[in-house]
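Below are two complexes that have subunit A in common, paired first with subunit B and then with subunit C.
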Partner chain A sequence: MNSPTVVMAQISTKVCITHANGLHARPSVMFTQLAKSFVSIISIADKAQGPWLNAKSIVKVMGLKAPFGAILFIRALGSDAELALKSLSQLVENDFDGDCVMNGGENANPA
Partner chain B sequence: MSKVVDLHKKPETARQNVGVVIVSHSPLIARGTADMVWQMVGDRVPLAFCGGNSDGDLGTSVEAIIAAIELAWSDAGVAVLVDLGGAETNSEIAIEMIGEPRSKFILICNAPIVEGAIMAATEASGGATLEAVVATAQELSPQ
Partner chain C sequence: MPIRHEFTGVAASPGYAVGPLWMPGPEADEIYVKKGSPAGETVALLDAISSASAELVQLAQGSSGRASEIIEFQLAILTDNTFRDLTLALIVSGETAFAAWDRVLEAEIANYLSAKDKLFQSRAFDLQDIQARISRVLCNLPGQDIPTGVIVLADNLSPTAFIKHRWQGGGLALKRGSTTSHVAILARQFSVPMVTNLGELLPGLKAGKNVLLISNAQGGLLIVPPNAADLKAITQNPAVEPKPKPKTNALIDTNGQPIKLMINLAHLRELEHLDAKKIDGIGLVRTEFLFEGKHVNEDLQYLAYCNILNWAKGKPVFIRTLDEGGDKSSAGFASHFTTPNMRGIGLSLGRPEVFRVQIRALMRAAFLGNLHVTLPMVSIESDLQDALALFKDEAVKLKNANIKYAMPPIGIMVEVPAVASHLERFSEAAHFSIGTNDLIQYALTQPRSAGGRKLGVENAKIASIIKHIVSVGKALKKPVSVCGDAASDPAAIADLLAAGVRNFSLSPPSKPLVSMAIHDYCASWGR
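The block that comes next holds the complex of A and B.
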């Protein structure tokens, strides 16, 4: 019997954080929750060469402290990788669905 | 009076996720923390809180903690966030009084109450196991 070999390629994208406070507490929660809704392995980084962090870990995502204007690199591996990248970059591009700007300060933290 | 509050009506799907209980000496901190969880993480996690002793002073009450755990109960288990000393001891007594088999599915997190509650609830909202929820809350503080 021939069992089909499934080859999955890791795909990646990058998106600029335009939310005034960067990837602060509430956006991090939203990002993590969306990432968790996909089966793919999803990682994020603030540099093209990594280090890569688990996008489904709230501690890691919040710990990145990606500020306003930072480029967020996202990569995904799995059956829904394409949709995952599309949805996650949309969330960032849409400023986390208009999540209200809380008091500033967090964007003063360098990543 | 010590207060136990079920912050809001939860959708039925929430019951499949691990519950989160917040136990503070101060009713205001307990309520504020729960409110922050609700606003940041949403309503996909059963959530309850209690704070203050039976005289309405700062403190915790075993009775109130048991009631909060009952409110946030999920078959997936309940993660409890506490502030200082007595909150932890009284939570341990509460869990012991609830008894087996449910007591095996109620764990106290060794984590700061506000940050731990947000982290635990975020993890729980994705359907994670009780162990994963507690580990995420505890990942914040060096063990």
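The block that comes next holds the complex of A and C.
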């Protein structure tokens, strides 16, 4: 092989689900749609040790049945891994934006 | 003359409908033609997934809001490769596309049905919808169009079948089903009368028979065939008027005092389908759900209370502190507690390190909205006094730490008979919320979850206790509300109104039927 070997490190993060419904139907649709927009391999788990599931599959993501208050572990491997983790954890932290009818707004975040 | 049959079920969406009975066609599994080779079966599956997806895309084009969200969700599942790949693996090992798809989806449906969380359980219906759609396409069966104006009789109806049908008259009679399913939510939104849990009915009941479907405060009823008196009754009896649209703000008793309808909340997600404009507040927030997981912390509790206050937009929110222990099933933190005879406020006072966290979260949230606190299972005066002292103590700490907070009005649940009979001793409470479940249980010594004999507010002794609470509340100028199961039971409403109750806090799905029961009662005053 002539091409130089690029060693890419896998990076990971964790985020608390504060959406009232947990990672449910609509949130799962939004999460997987965003995950699919990255080329990185992205996986999620509800425990630090896994098992790790494909974050681009709604069947897997919703199948986690992660409730309100659960910690979601996300890891990514690829050229846009850093941006992927940042965007996905932001989506979770912002309660999947417009989806939540009682969206917290600026008052809802503890100082 | 034909024999008249009546079948009773559960009212899921109010109204009535007369029309011919219609039933969905035969099951698809009798018709599937084997393709003879794994390659043939693979092509059949891939074709079926792409035609089924196209059907959903077309259906989505004519829908909006909640309906289009449901379709978008199903489309995402259908185009996910997980089920496809599992099915293809089974096809390679010799199964037909039909059998393989069925097996893969069946396993996933069983997985969702066994979920602890009710909301995740209900997703099994969506998977069944997807499963059936592919099976039908594989069998070359056309989509079944429901004829206009019929009463649909089925085990259950899928959300997409409901959305596809342009409802103009007609109704929905389900043998099973649930009043909180996606279909029930859609039926109420589109004002389609719906009755669930009719059971197996008559084996000989045939399509085309003229039937009458009634869904009202008295329950759900299917009459086959209706006689002239039935048809006359529905047009004359105000209790079965179709599409009643009671406005909560129009509910006023004979003295001009408003009747308030608040809701009970057991989890934040229940707010998703509700409109704060249509209710008078949240009369009871059960906070047990915040203690289910490992992550019981002040900020998460605070965030949950803030979400509720934001949703309520200034309307009162009564939050009950943790009510676990005793004979109440306690999967949460109370199960670690070694004194099982303590419950509600007794348990919280016995575990101040946990109670203080909830107090701090409540007071921080009270700064932002119309928040009230209700203490559960208060049985002696010191329960209230000790709790008030803890609130004052935490207020000082928050102030010293320069954290914004407000002291909320603090009331009590009235659910212990000795408290009900000596209510004046609890005059420091800001309000009284009657918990009819425990009150009845302890006053008549009925075990919780009693089978067989069920006594309720129609019992004269219970009615008189409630009457007493209302009159003491009036004398002390403290608001009184009922938030037990009785407030959600249309059959108990007349007794509660007669006892002087004007504030009700009920389970959201029961609200249309309770409003109707209140309207009926108020109408009878006018006569």
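A few remarks follow.
Keep in mind that, in the parts below, the second predicted complex is superposed on the first by the 96 of 111 C-alpha atoms of A that agree within 3 Å, B and C clash if a C-alpha of one lies under 4 Å from a C-alpha of the other, contacts with A are read in each partner's own complex, and residues count from 1 in each chain.
In the analysis below, a residue touches a chain if its C-beta (ideal position, glycine included) is under 8 Å from a C-beta of that chain, and two chains touch if they have at least 3 such contacts.
In this text the structure is predicted, and so the values were computed from the model without any measurement.
Touch counts on subunit A: comparing subunit C and subunit B, the chain ahead is C. Within the superposed three-chain model, A:59 lies in touch with subunit B and with subunit C [touch as defined at top]. Of the two partner chains placed by the overlay, neither subunit B nor subunit C lies in contact with A:8. Once chain A of one complex is fitted onto chain A of the other, the partner contacts of A:68 are limited to subunit C, with no touch recorded for subunit B. Once chain A of one complex is fitted onto chain A of the other, the partner contacts of A:36 are limited to subunit B, with no touch recorded for subunit C. Residue contacts after overlaying the shared chain place A:18 against subunit C, while subunit B stays out of touching range.
Of the residues of subunit A, those at positions 25-26, 29, 32-33, 57-59 touch subunit B in one of the two structures and subunit C in the other. Interface residues of subunit C, counted against subunit A in their complex, comprise 69, 72-73, 76-77, 80-83, 108, 111, 115, 117, 119-120, 123, 126, 267-269, 271-272, 289-290, 292-293, 295, 299-300, 302-304, 306-308, 310-311, 364, 368, 403. Subunit B makes touch with subunit A in their complex at residues 40-42, 118-119, 122-123, 125-127, 136, 139-140. Contact residues on subunit A toward subunit B in their complex (touch as defined above): 25-26, 29, 32-33, 36-37, 56-59.
For subunit A in complex with subunit C, the residues that touch the partner chain are 16, 18, 20-22, 24-26, 28-29, 32-33, 54, 57-60, 62-63, 65, 67-71, 100-105, 107-111.
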